[in-house]
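Presented below are the structures under discussion, each in the form of structure tokens.
Same chain, two partners: chain A is paired with chain B first, then with chain C.
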Partner chain A sequence: MSFDIDIVLRYGPLLLSGLWTTVYICALASLLAVAAGLAVALLYSLPFHPVKLLCRAYIEVMRGTPILILLFILYYGGPSIGLTLDAEPVGIVGLGLYGGGYFAEIFRAGFQSIPPGQIEAARMLGIPRRMIVARIQIPQMLTLIIPPSTNQVIILVKESALLSIITVAELTKNTTQMVNETFAVIEPYVAVALLYWLIIEGIAFAGGVLERRFGRAS
Partner chain B sequence: MESKPVVLVENLHKRFDAAHVLKGIDLAVDSSRVVCVIGPSGSGKSTLLRCMAFLDRYDEGRVYIEGRLLGYREVDGKRTPDSDRNIDSVRSVIGMVFQHYNLWPHKTALGNVTEALRVVKKLGKAEAEAIGMEMLAKVGVDDKAHDYPAQLSGGQQQRTAIARALAIRPHVMYFDEPTSALDPELVGEVLQVMQELASDGMTMVVVTHEMGFAAHVADEVVFMDGGEVIERGPPDDIFKRPRSERLREFLDTWRSRTI
Partner chain C sequence: MTAAISAVCIAAGMILGLWLSFGLISQNRAIRRASAAYRSFWRGTPILVQLLIVFYLLPTIGVDVPPIAAATIALAMNTAAFQAEIFRGGLLSIPPGQVEAARMLGIGILSIRVRILIPQMMRLVLPALINETISILKNSSLISVIAVTELMRTSQHVVSVTHRPLEAYTIAAVIYLAMNLVLARAGAYFERRYAVAAAR
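For the complex of A and B:
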């Protein structure tokens, strides 16, 4: 068996273009997932039953649906309800909402991990609820939620390969194009595996830095 | 003119589902007085203090803080829960110290003390820190101002928690078993700070198992059992001349455990 590095070099620009698309789609989807997750976790902590029920439904639907089905519904089903989106926005929204279900659970566990006595102490000092969330709960949660959040972003990056099926020109889609054009299999897939590995190592490194930064006081 | 009590509790009832844990408590705490609440575990004394701060919602009766009803609004005899803002306003004169300190572990001792000054009183950093250092010095932990709670002993943590409560200049301090979580050798330093506060004229309500403290510092001792006040009076009467069988038994049990 031989490994023809020339094929990889020849298709370098195509792979790098796919790499860039994967990176920015995942970055935007992660931001959306974190925002959605935080919003749902905060709403979930309110003492209103219907709101809790809606939050639970969102979490259960996102966790209970394969990401590919969600993407199909958004991309192919969207036009039938008057929602026509390009593949990339569908990818960002689909991945973001999907990840949001998991982030909501990560944040909810984070909120629950703060001893209620700390919140009572803050309330007795007259600190408003929103400031308790911003200054007492979230900073402490960070140390606890950074490791599972890092994992979640890594999973999101790996799931993003499925966007190739709805025609997003990301890393996997461009690699498949390379395979189709060259009939080579090993070189393209080893190269793309290496590129995914690099992204994921980067995320893991960033997660480690954040963990050390915010874990200092705990 | 007779001044109103700082804290006035009238016919207070609290139920947790089927359990009736407070059965009509009355209590008046006048300015600069120290009231110690004693009693066996499960007698309802901590619940009483928490209801007096509206950390637990009471079901019947009233709690007045400096004449203002805490926790509820009453219009034409109809009672509705009050807004968070009003509750915060009524209890802004209460400082509370908890059994487990409840310091925020991601903030230094000074950060814990200055937090409410910055966020609630909206003071600038320098001014808040000056007050914070003054409060930490008052409880003797100013040399630990920049340490995190995890770096402090239990006694130092509780003293920091006292400084945090004092920083907002409360008119009354509640202590909920402030020494129960401490190693025995650390109890004294916390009690000493509390005793100094009492000498300075601070109004205090102290739920405690420290009978020595109650005997020496309290103006009034309240003995609770089974959700009721069984006996109340000056410490000498309570500890030396108990009238009720239940108080006698409680004190006998306590004495038999004390060497």
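For the complex of A and C:
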């Protein structure tokens, strides 16, 4: 058993294009997840029971079912209700909605951490709801929500490996292709593990920077 | 099948994770480093990649394992890393004075761990442990990829026979959801029970 660096170099471009696909899909999915999570958390804070129930159901379904099932429902089940999407958009939407369930919980905990007196005072002063959220609640909860958000994005990157199963040409898919073409096993998987590890260390580092930056501000 | 594999993985991962968590807080630097490296690998790469590595790598070094064994090994080793981190947090929250006192009384290190540290820590980490069980249950859907006939794989069979993906996968989703809601309820129950026990 020896390590053949030539194979890795020969398949370098293939792996790098997979890496790029993984990165941009994850970036878009993270944005979608944050947006969905924030929207659900805001709706959840409304004093309106049916909306609360719907939000709870969304969160429970997203957190209670495997992402693979969600992807399969979207990709293979979508066409039977007239929703035909390519693999990549399915990946982005699937990962985004899935992450949204987790981000909603993160944001909800963040909103709860702010003393209700502050919101009441702001209301009394006639500050509009939008401004309360953007200027009072979100800046204060940043310190609390940045660490779990970083974790969540890391989890999202790792979940994105599953998109290979619904034929998105991302990092894991391209690696399996490399395995199938070269019959080498060690080299491709070592390379792919390293690449994932690099992305994840990068995100963890960025998270640390954000944490220090906003930790100081408050 | 899904439930059985998840249960075995959680149990095996717990033994390995406990062992690893003591490694993470060991006085010996080499042991600490090795444990941290293990944790870094299993927490830093996707489970799918780990699964494929175990499944394809073991045969190349001459160990022939059936898919189900490869799946169980991979998931158990993965959850061990996460559980070790949970246990480490629990262990750190136990006052060091207790261990020092036990040592002074001449209690063996193994007894200290089994009789003093682990029981106290388990109570603290139970909620986190339930969360980990839920994620293992969900991640066990990935082993359908290496041809283990668990819930996910079975629903794929159903789809290939009936050509009704929406219904089959939705039913699978509902089954997963039901299992996880039961787990979450059990978690909430134990949390309350132990909170009462701890307050006494």
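Note that in this section the second predicted complex is superposed on the first by the 218 of 218 C-alpha atoms of A that agree within 3 Å, B and C clash if a C-alpha of one lies under 4 Å from a C-alpha of the other, contacts with A are read in each partner's own complex, and residues count from 1 in each chain.
Note that a contact is a pair of C-beta atoms (placed from the backbone, for glycine too) under 8 Å apart; a residue touches a chain by one contact, two chains touch by 3 or more.
This is a predicted model, so every value here is computed, not measured.
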item: First (chain B), second (chain C), both or neither touched by A:G77; value: second
item: Between chain B and chain C, more extensive residue contact with chain A; value: C
item: Partner chain in contact with A:A121 - chain B first, chain C second, else both or neither; value: first
item: Partner chain(s) touched by A:E187 [first = chain B, second = chain C, both, neither]; value: neither
item: Partner chain(s) touched by A:R129 [first = chain B, second = chain C, both, neither]; value: first
item: Which superposed partner A:Y196 touches (first chain B, second chain C, both, neither); value: second
item: Touching partner for A:Q140 - first (chain B), second (chain C), both, neither; value: first
item: First (chain B), second (chain C), both or neither touched by A:E170; value: neither
item: Footprint of chain A on chain C - complex, ascending; value: 40-41, 44-49, 52-53, 56-57, 60-61, 134, 138-142, 144-145, 152, 159, 164-167, 169-170, 172-173, 176-177, 180-181, 184
item: Chain C contact footprint on chain A (complex, rising order); value: 1, 60-61, 63-70, 72-73, 76-78, 80-81, 157-162, 164-165, 172, 175-176, 179, 185-186, 189, 192-193, 196-197, 200-201
item: Of all residues in chain B, those that touch chain A in their complex; value: 53, 55, 84, 88, 91-92, 94-96, 98, 100, 102-107, 115-116, 119-120, 148, 150, 161, 164-165, 168
item: Touching residues on chain A, where the partner in the complex is chain B; value: 115, 117-118, 120-129, 131, 135-136, 139-140, 143, 217-218
